[in-house]
């Protein structure tokens, strides 16, 4: 095992600042929490312009509804109908949304708006407040419908 | 020998218009002629700005002198000292000179200016008039000094 | 009066440049040497640009296609390489770019671009293809580019990811690496450790010069044969983990929905595929007679072993000639001489790779996958040639 | 006051983008997809352009060099391909361009570009090198580009010249073909018929897209391994003859003057050659330790068989690794891992091709050819590395 002596050690603080990966089990979710009602406000101000007032979609993806359509000829894939893990919502919103200003929300705002989207999908109650633990506990309806890659799937 | 049926026949007139190649023996030189004194005028008007009043060079190559220098450490390669065949002068001037307006001279002007350059190099008299036959007859001093490619010429 | 005169002038101008006349471009010096310190195509090729839809809802997470039917050989010039971004194209100062390598490693490290360029380098020609090239449902594209223009091929230079991982020291439970881009999407994909140790590269150059911004300048991951979005661009972070991160791009997005409502996740490889690029949709055969049939074939699983071409609606197939060298996980140019008799015809190609896999028909794929699958469509695509020479999509 | 503040602001800005901070290019969307319908390099690479002398007497018959020391791999991107023109770069309308084939043929023919593109095509990767790359006398260049930047490499597509000649039918006394460009120099070179029937091509595409104007758009001759000026650009005429035309370019210009006053004519092949591009003149090793030595090798006579590298002023030589695939008459990338101990060193490479020919030293060449030879200088070129890491031309 050669060593080229290239690069320098990464410090714990540097890693903590850059490592924004959230596991599907909620690992690495930050401290803090946010409620559905806080999320409703954040969403109205920062998300609705692209995703519609109720997450019905627009310039951005539809985020709500579609449960029961996934196995039909016209599936509607949304957070509520398709996403397997709730912590991914925190991960994705924090890293990529709002599309015009990614990584601009506070952790509390990300919790809140995640809670709001889950609520719009009927997956948490209107009075829910989510934190690391409770977000990880949300059971997503489509969770068990993912399978491995079975290709090659056309035989000759 | 397959035939793809591509292309169309070239007519004799088309070939005559495009084939401006002059052999070293003067083959394909056109009708017409030009004298050293006509050439002096053409040169002054169309060539001297780049090649100097007497062909001594400038923005364009030096065209005159250098005889006897080719085998020395400081060779001066010119029409007079280096070029093996006089008809090439007609060929090159007609196709490429004056650099700002190639193929703009009449055949007579090309004969004349070729005669003038040869005269500056002491290879034809001041009262010479050159045509296809007499241009081909001019013996260039360096003619017999060209040899084949002897590479690889460094042995290990 | 005016129109007729105009027409005459233009006819005269065209004849002027034809034999026996001296073309105008021989009568005056051309552009001086160096007038383009960085060159550009001829103005007469200004129509050869990326195939960019004008009707997208937004252009930040979007894609453009290589104009395959305009190209020859296997190298895609960098200016025409297909694009797919999820957060637009960042403008990154290479002096301020860093790659962080952390997680299940002995020594978490941070690299500058200079550090990465000091590692032993390697160069390889590989295709890159977007997973959704094309979808499974109508309307299908008109041209080869509309259909499968989300594939390009280049000579990539960089350092073997394996070498860089050795520098940090993998821990025994290291099974995946989560790669993250420094773009506005912070795009995140999990790569199995086997691939990372097999032929994955950290790439900084493309066709000799540094990566273009659209392809990840100053640094990208490159995973030969895997779906394009996994070769994370603007790479800033490699997180060595025990299991995948299940990012949005590997759950919501790049999963393959089957008719029964289950969805395949972590479907990495691009299977063998080919397309005839000439004659192809939108082109026109001027006259019966000799026409070469040519196109490109590729496989994420290795080398192309054979390409077969049919000119009789799939009744019979002939082996096309493959242009040497045939490289692994690279475009391979194929050619078949053909005499067109002037009658309507349907032509198509199918690729067979070194594993023996045979490119399937669209019907075969649809039978297994259904129309909602969306990604990994590697169907044979036939072109219809009409009696007047017009070429159109035979499945559209 | 102002200067100090400015300096502080800039330090702050740099730290802002480093870990643990979020780089600014992740906080807002980047450029929309498709904002460059034909792509261009990053603005941070604006210094990577052709190497163009600013002090030439004129730029109509002149050359520019590829910035070899900035490039990786073997493909030269079209925008950085070296230039050599004798009458500037013509702007040719491909619809009005014609190729005339006449002389000692059964059927003189005229081809449009469409005709030529209908022939069976082939694609091959080959280098192209100017004969005078570099000269034999001082001052010698500072960088690899200054020295040997008149070489580039691309994937060329076109039709075999042999096929086109068969269409016209060669007469028995056909021994040479005089090729002429449609530029303001109507550049003319005679090619032996053997080469025309071996591997000569009529080329219309380069690295996938149509030829750049600087490389002969819409059509050029391509003679693998021959000196660059013979691969006549903007090709308009092929004149089949019994003997060479002895044009100015093959008498006055591209002949090789020996000390005894004789001059070699018709010296076609570019012999085996190599150059280390990293580390090379003008670069600087930041610190002792690991540094890869890499460069390019090529031979007009076929494949590169071996490249040897010396790091001790020529006392000992080691075989470098050759990047696969090694292609005939193409650039070949070589690499050698090296630990620099921080002491002054002289490094150099020498190429051996499949004929067994060994790249000579400059002294060996000068001993046979003298300083007035000018063309075909394929000398080994050593680089000197100073204790502070500065790399300079060891022969300058």
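Order of writing sets the labels: A, B, C and D. Residues in every chain begin at 1.
Just so it is clear, contacts are C-beta pairs under 8 Å (C-beta built on N, C-alpha and C of every residue); 3 or more make two chains touch, one makes a residue touch a chain.
What you are looking at is a predicted structure, and each value in this text was computed from that prediction instead of being measured.
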item: Separate pieces, if any, that appear once subunit D is removed in thought; value: one piece
item: Chain pair with more C-beta contacts, A-D versus B-D; value: B-D
item: Euclidean distance of C-alpha centroids - subunit A vs subunit C, Å; value: 30
item: Cα-centroid distance, subunit B relative to subunit C, in whole angstrom; value: 51
item: Per-residue overlap in subunit D, given as positions that touch at least 2 other chains; value: 19, 26-29, 60, 87, 100, 110, 118-119, 184, 186, 236, 290
item: Contacts with two or more other chains, residues of subunit A listed in rising order; value: 4, 6, 10, 14-15, 18, 99, 102-103
item: Contact graph of the chains (line, ring, star, complete, other); value: other
item: Touching chain combinations (by label order); value: A-C, A-D, B-C, B-D, C-D
item: In the complex with subunit C, residue positions of subunit B that touch it; value: 4-6, 10, 13-18, 99-104
item: Residues of subunit C that touch subunit B when the two form their complex; value: 19-22, 26-29, 289-290
item: Residues of subunit B touching subunit D in the complex; value: 1-4, 6-10, 14-15, 18-24, 58-60, 70-71, 73, 75, 77, 79, 82-85, 88, 91-92, 95-96, 99, 102-103, 145-154, 156
item: Residues of subunit D that touch subunit B when the two form their complex; value: 57-58, 60-61, 86-87, 100-102, 107-111, 115-116, 118-119, 163, 166-169, 178, 180, 184-186, 188, 236-237, 239, 241, 243, 245-248, 251-252, 255-257, 259-269, 271, 357-358, 360, 364-365, 368-369, 371-372, 376
item: Contact set on subunit D toward subunit C in their complex; value: 14, 17-19, 23, 25-45, 48-50, 52, 59-60, 62-64, 70-81, 83-85, 87-98, 100, 110, 114, 118-123, 154-157, 182-184, 186, 204-205, 207-214, 217-218, 234, 236, 286, 290-292, 294, 323, 325, 327, 333, 335, 337
